[in-house]
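Remarks on the structure that follows.
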Amino acid sequence: MKTNQKKAWLFLAPTIIFVTLFSIYPILRAFGMSFQSGSLIDLTWTGFNNYKYIFNDPEFWLAIKNTLLYAIISVPVGLAISIMLAWIIFDKVKHKSLFETTFFMPYVTSTIAIGIVFRYIFNGDYGMLNFLLRSLHLPAPDWIDDPAMSLTTIIIFGIWSSLAFNIVILMGALRNIDPNFYTIADMYGASGKDKFWKITMPELVPTIAFLLTMNIIGAFKIYTSVYALFNGQAGVGNSGTTAVFYIYNKFQTVGTPGVAMAATVILFLIILFATFLQRKMMKKIGEN
Amino acid sequence: MKRIRLGVIFSYIILFIFAFITVFPFIYMILGGLMNFQETTSIPPTLIPHHFEWGNYAKVFARAPFARYFFNTVLTASITTLVSLFNSLLGAFAMVNLRFKGKGVVQMVMLSLLMVPGEAIIFTNYNTIAHMGLLNTYIGLVLPFLTSIFYMYYLQSYFGSISETIYKAAMIDGASDWDYIWKILVPMSKSGLFTVGLLSFISGWNSFLWPLLVTNEDTMRLLNNGLSAFASDAGSETQLQLAAATLTVVPILILYFIFRKQIIKGVVRNDLKG
Amino acid sequence: ACSNGGNSSSSSSSSSSAKITKVKKNTNIVFWHGMTGVQQETLKELTKEFEKDNPKIKVKLENQGAYPDLQAKINSTLQSPSNLPTITQAYPDWLYTAAKNKMLVNLTPYINSKEVGWGSSDASNIKTALLDGAKIEGTQYGIPFNKSIETLTYNADIFKKYGIKKAPTTMAELKEDAETIYKKSNHKVVGAGFDSLSNYYTLGMKNEGVDFSSKIDFAGATSKKVINYYADGIKAGYFRVAGSEHYLSGPFANQKVAMFIGTSAGEGFVKQGVGNKFTYDVAPRPGKYTMSQGTDIYMFNHASADQKAAAFTYIKFLVSKSSQLKWANATGYIPVNNAAADSAEYKDNKKIKLPAKLEDAMKNLYSVPVVKDAGAAYGQLNPIMQNILAAAQKKQNVNSAINSGKAKFDAAWKQ
Amino acid sequence: MDNNKFVEVKNLRKVYDNGHEAIKNVSFSVKKGDLVCLLGPSGCGKTTILNMLAGLLNPTSGEILFDGKSVVNVEPKDRHIGYVFQNYALYPHMTVLQNVMFPLIVGKNKKSKAEAEKVAQKYMELTQITELADQKPGNLSGGQQQRVAIARALVQEPKILLMDEPLSNLDARLRLKIREEIRALVKSVGITTLFVTHDQEEALSIGDKIILFNDGIIQQDDLGQNFYLEPNNYFVANFVGNPVIDNFKVTKTENELKANDFTIQLADLKQARFKRELPDGEYTLSVRPENVVLAPDGFLHATVDDIELIGRERVLKFTYDNVQARSLIDLEVPIKHGDQVNLTMKLDRVFLFTPDGERVY
Amino acid sequence: MDNNKFVEVKNLRKVYDNGHEAIKNVSFSVKKGDLVCLLGPSGCGKTTILNMLAGLLNPTSGEILFDGKSVVNVEPKDRHIGYVFQNYALYPHMTVLQNVMFPLIVGKNKKSKAEAEKVAQKYMELTQITELADQKPGNLSGGQQQRVAIARALVQEPKILLMDEPLSNLDARLRLKIREEIRALVKSVGITTLFVTHDQEEALSIGDKIILFNDGIIQQDDLGQNFYLEPNNYFVANFVGNPVIDNFKVTKTENELKANDFTIQLADLKQARFKRELPDGEYTLSVRPENVVLAPDGFLHATVDDIELIGRERVLKFTYDNVQARSLIDLEVPIKHGDQVNLTMKLDRVFLFTPDGERVY
């Protein structure tokens, strides 16, 4: 069995080569840059100045706060809705593929294109959403142009766009559960609830862990949907700014790559910690 | 012999609400692509265009070489899909079925790499490609995406659900790992591979910033780059944007409809006993 | 660790000050731009024309997406200068560090050259204010190309309906008219709004005699006066902002706002949106100054002497009277060339309203000086103002928003 | 309610999706509280029948009645059935204890966890898996998994218990013990049980009756010893019994049965055992090895091919008419490979079959 | 090369990840071409040993030698092994034919498809699955799947064949047939085979020798009949034999063995069979039921609890000292439930075990 060593590395070789070249090297470079100041073409070492800068920058903290809130809210909610929908489709519905196709559609479009549409739907004056809310005599906030609503809007949009991927993956996992498990449970008189909690969920644990990891990582990297939703801006008054927005802005617009990379490093550490936490949690759940 | 119960009806209601929420933007996008400019910006909003402006599509095609974009996109998306699928397949296999020193480290590194926002490394990759002299080439367009940790990670979780005795049996039968991958793993994971393939193809299809960076000429650009052809520093032609968006989405949707069956069926139970 | 900044100027530093001669061999140049739609079409036509006149020179037009994309692309490519184009469209502040690193060509010698240039900047007939706007720390690195200014667009029918005789010329009049419309329309129609809040603030200060610089006290009395002018209007309802739509042309076309201050290049969209619903007209921006916007053309240092000469020949062609006429008439940008702007051909353009008013509108142009972090600070103004005005919208006191705005504004100057 | 027909199956038929007719026409009934063994060669349809009884498979046609009521449209969960699957079908994500408890903590008659655990413990003791309580099925040996499956099926004390080769992976000792425990349990609780086994000895020793299938139909539905003593047909005679029955091709002419080497007068046979008039023609004369006995004047002359010791018995093997035949002989008789022997048959214990398997004597 | 030690296992030990020590210290060797049966109660570690031999599991310590060479670092595919898994492990996406052909069309010694098919056909005939060639495993019955697994293991004619209860789901008839075919095949080709079974009769009839495991160690490694006649220890004596051996608690004092009811003089025992000097104390006297015989003057006085017919034998059950005991009796003896009988033992056939299981007589 020890000969596996060489073989394993051989199989991993293409991945490792590409990853080293196009992921690891740039990251190391980025890490180095976080200790440098100046523009991309003339960098000088400044030690921890960039870190000091971002820690004193309220904008950075707003970005981090928004990102964290977004991740904490949109990921579990999105996942819960996805699980619910996937389960309904899987368990209750005849025309599975019809619904599955439907729910997969958002994944097919570019966020940019669909963001435009959402901007219209969310529009405070004449958006479809507020039209609906008003006709139901519900409060109709200004989703897009009120800074206080920005994050809420981003979260809603984020949940909407996360459903597609989650549902498709979950459906795959659900199909992979041995149908015997359910027939046996049926035989023992298990109710729908029993089956869901005692069989489906435990069997889905690995998939949910996978999705959770993906979603959390994705949530921390949120950028495009904000960009699309607010027409290239991080919401009115930058109220919806996110970590990557901050990074991109510092890098491309302001032209201080060092600061951007320092922020990247901090973001990376936060994601690392969140993922670590999440895995710990899932392990606990998996064991029970 | 299932009776229709309240729960089922309730489920259907939820499903329909969400299905509507999901589909509505698409309907709006398609209809919007057939409106005239005034309709897209009118108050109250127009849903059904008064007159279908098919001419929008003509304008879209006139604005940017969409046919060429289309070709480029299909080409690069296919290449990245095939190669990255191949690489992730091998990688995921090694991670799942082989035992070797450093597996934990590899796993950790890979997972950490997933956490790095692409925006933070894209300029270095650009630099690398530039140094390789691959700017404005198809190779330059696809090179950094020929492997995907994400897909590898997904496949790992997929392969993990195939019973280990199947691998053991293959070993006993004298199959090399290569045999195992192609004769057993691939046929047994068809649906997983299709899913990954589709995801990969879609992300290739939707790539925007990278092709813009590494190519200089219109003839090398991809579909999504065409989307920005309708915005200027003074405003944007929404109806054309929507038409173009429709244009980029529809082929993928068709593709999905075609392969949906493959993705959905062909899910064989992995183990028969035990 | 892998900065490539150093080696860029070696090939060309000698040639830049040396004799500039006409292009004799076949030369290819590359032009990066961010033009789309009809703008791109026109640019292509002009270029074809140019190539016909100068058979030795081939111009490769390369569209790099919208402005932010173009900016990102330039930013990334500065690391490997050999991949830069010969010339590019750009806002000066994008190229601040490139200029600092001597990667740009000082165009003064070319302007002054008898052979490829005009002999002097005066002879170029380019509006001085615009030419000044293409300087980075005093050096003429750019030649203005596609420029627009802020103008006032108004709904002539509404004006007539509520008895407003002529377009406002001062900010006080603007306020007065806006209030009138708002009241008389029973709060159905908002009086006025500004597309760009950065411009609003910068010009507001300029009109108060304060130049845009790091010395501005954002929470100071003058600044507050400027801010409150808008904020009060919003509180009272007669002013509004564009919000995430960025442009008020939409609400304008839907008769939700009676007039707005926005870029002149947007007239095409106004026209398209308004259709036959009502008559609109254009007037100079109220107040003394107006903002000039739009990009200039810059030249990179790594090119050969021939290419540079060829590129400059091309630039010269683009800003010539005939080209600018064609350009302005097709796109709605203003002619940078005085001769073109003054020509009857332009002024008599009936398709759009701006040309007739242009002369008045352009009397006092202003643009943000290109110094370190000015671009960042200017950009930061937009969210700051949005926050303040959003507070006003909710009828809150704007002072705290101003104070936090001050912190951000000051921070923006110290990146 | 007719307790003699607690489970009743009428004209059951099952055609699989691929067109294979696994069950052709099966009818039988089981008395309340009885333990019936289903026997039959591999692939004859035993599992298929159990699956239909459990409601996991829809019959193509036919009726299934429990306690007089048709259950064809009743969902599995309402059939009150326990089922030990041939492939165990344990939940891989649950521990042994959780697997065993599962039927008790789901559905309408949920028990509290503590209670369920107590009941589960009892059945885990019975199947000797108490120590494995916290293991996941993946960590168990084949036999251990099988025992978990048994415990899980028993734990809810179902009305009807279906067991599909539940002991196939257990060693003889444990097998004996558990099957006796199962029998005692189902008898004391009164669970009607269908028990698939391939072990005839097992079927004989625990079944109240045995149903022997082949080829999708019932070959014999009877008390254990009758399979041996009064097989319905050629298949049954050959399927049951160890060592296997001896078959001799014979031709009937007038009043004798002629084989290659010997002739039997019909008059020597016990007339009462004839099922019907025999037309002349080919028949198979079958006789169990213990009824083929050494006799100095025996009419069967054979050369000993081999003598095999099975447990405490000796089997004399010889070839007759190119077919191997056997005789059971005492341990003491001094016979060895190659010897010439004379054998005779106990003629009141032989069977006669027509070429298509019908038993006529 | 030492043909007597074609497969050799030395001090093998396996501790599973969860800390369970499945194999404690196992050493044995197998002669080239021999068919060895592994026997042992459920969960004793048989599968674990096969997995280590196959290279699917790494031993925690110890050596495995094939043909004198250590194979611990050799990959499974290079060990030239055939393996019938206890749970079959068929490839669900392949047809039966493809499953069986698989070993022939992969790896170094690939055959052409036509050739492979021909070989596969041969083994499919042997296991009687020819008609199922185009079915997927999901459509097969348990026994059919098992036969596919057997064919797949045989098809490549491996040097070493490992079979983990390969016949557990087959009916007696087929089982007998296939096991004989397997034996004939491995003998003719000279395949060294390790065959796990829980069926003692099977082990006796096809094994050249038998290795009996329990609790992770070898209890006896011997020829078949010796397990019966000369068990190594108490466990073996009790594990092997049907009906199970009778055990009586006795106390040795001076020169007699005293049970509750009877006394045996040590002098009456066959002195040569004593393994060692016996200190005074508790012992277990074990005797196979057939050596407990009816005798009018027998020293064992018992009341008949039950008389059971097993096949062609009768077992007399009685309770002695609260423990059930058995005696095999002739069919003819007229005895019934409740009768008082006298029994004696064949003293040269009894065994004596110390309380920790060591056999001393």
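Letters A, B, C, D and E mark the chains as written, and numbering starts fresh at 1 in each.
What we mean here is this: a contact is a pair of C-beta atoms (placed from the backbone, for glycine too) under 8 Å apart; a residue touches a chain by one contact, two chains touch by 3 or more.
Since we're looking at a predicted model, the values are computed, not measured.
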{"item": "Two chains sharing the most contacts, counting C-beta pairs only", "value": "A-B"}
{"item": "Taking each chain's C-alpha mean as its centre, the one farthest from subunit D", "value": "C"}
{"item": "Geometric centre distance via CA averages, subunit D-subunit B, whole Å", "value": "57"}
{"item": "Approximate Å spacing (C-alpha centroids) for the pair subunit C, subunit E", "value": "92"}
{"item": "Separation of mean Cα positions, subunit B and subunit A [Å, integer]", "value": "16"}
{"item": "Numbers and ranges of subunit D residues touching at least 2 other chains", "value": "75, 87, 142"}
{"item": "Two or more partner chains touched - positions in subunit C", "value": "2, 4, 72, 75-76, 79, 246, 251, 256"}
{"item": "Residues within subunit A bordering two or more other chains", "value": "1, 29, 40, 125, 178, 251"}
{"item": "Footprint of subunit A on subunit C - complex, ascending", "value": "1-5, 8, 68, 71-72, 75-76, 78-79, 96-98, 100-101, 103, 241, 243-246, 251, 256, 373, 375-376, 379, 382-388, 390, 393-394, 404, 407-408, 411, 415"}
{"item": "Of subunit C, residues touching subunit B in the complex", "value": "2, 4, 30, 32, 34-37, 39-40, 60, 62-67, 69, 72-73, 75-77, 79-80, 83, 85, 148, 246-247, 249-251, 253-254, 256, 262-263, 265-266, 268-269, 272-273, 275, 293-294, 332"}
{"item": "Subunit C contact footprint on subunit A (complex, rising order)", "value": "29, 32, 38-43, 57-59, 119, 125, 144-148, 229-239, 250-256, 259"}
{"item": "Subunit B-touching residues of subunit A, taken from the complex the two chains share", "value": "1, 4-5, 7-9, 11-12, 14-16, 18-19, 21-27, 29-30, 40, 81, 84-85, 88-89, 92-93, 96-97, 99-114, 116-118, 120-121, 125-128, 131, 160, 163-165, 168-169, 171-172, 175-176, 178-179, 192, 206-207, 210, 213-214, 217, 220-221, 223, 243-244, 247-248, 251, 257, 260-261, 264, 267-268, 271-272, 275"}
{"item": "Complex contacts: residues of subunit E adjacent to subunit D", "value": "16, 18, 20, 39-47, 86-87, 135, 139-144, 146-147, 164-165, 168-176, 198-201, 204-205, 238-239, 242, 244, 290, 308, 310-313, 328"}
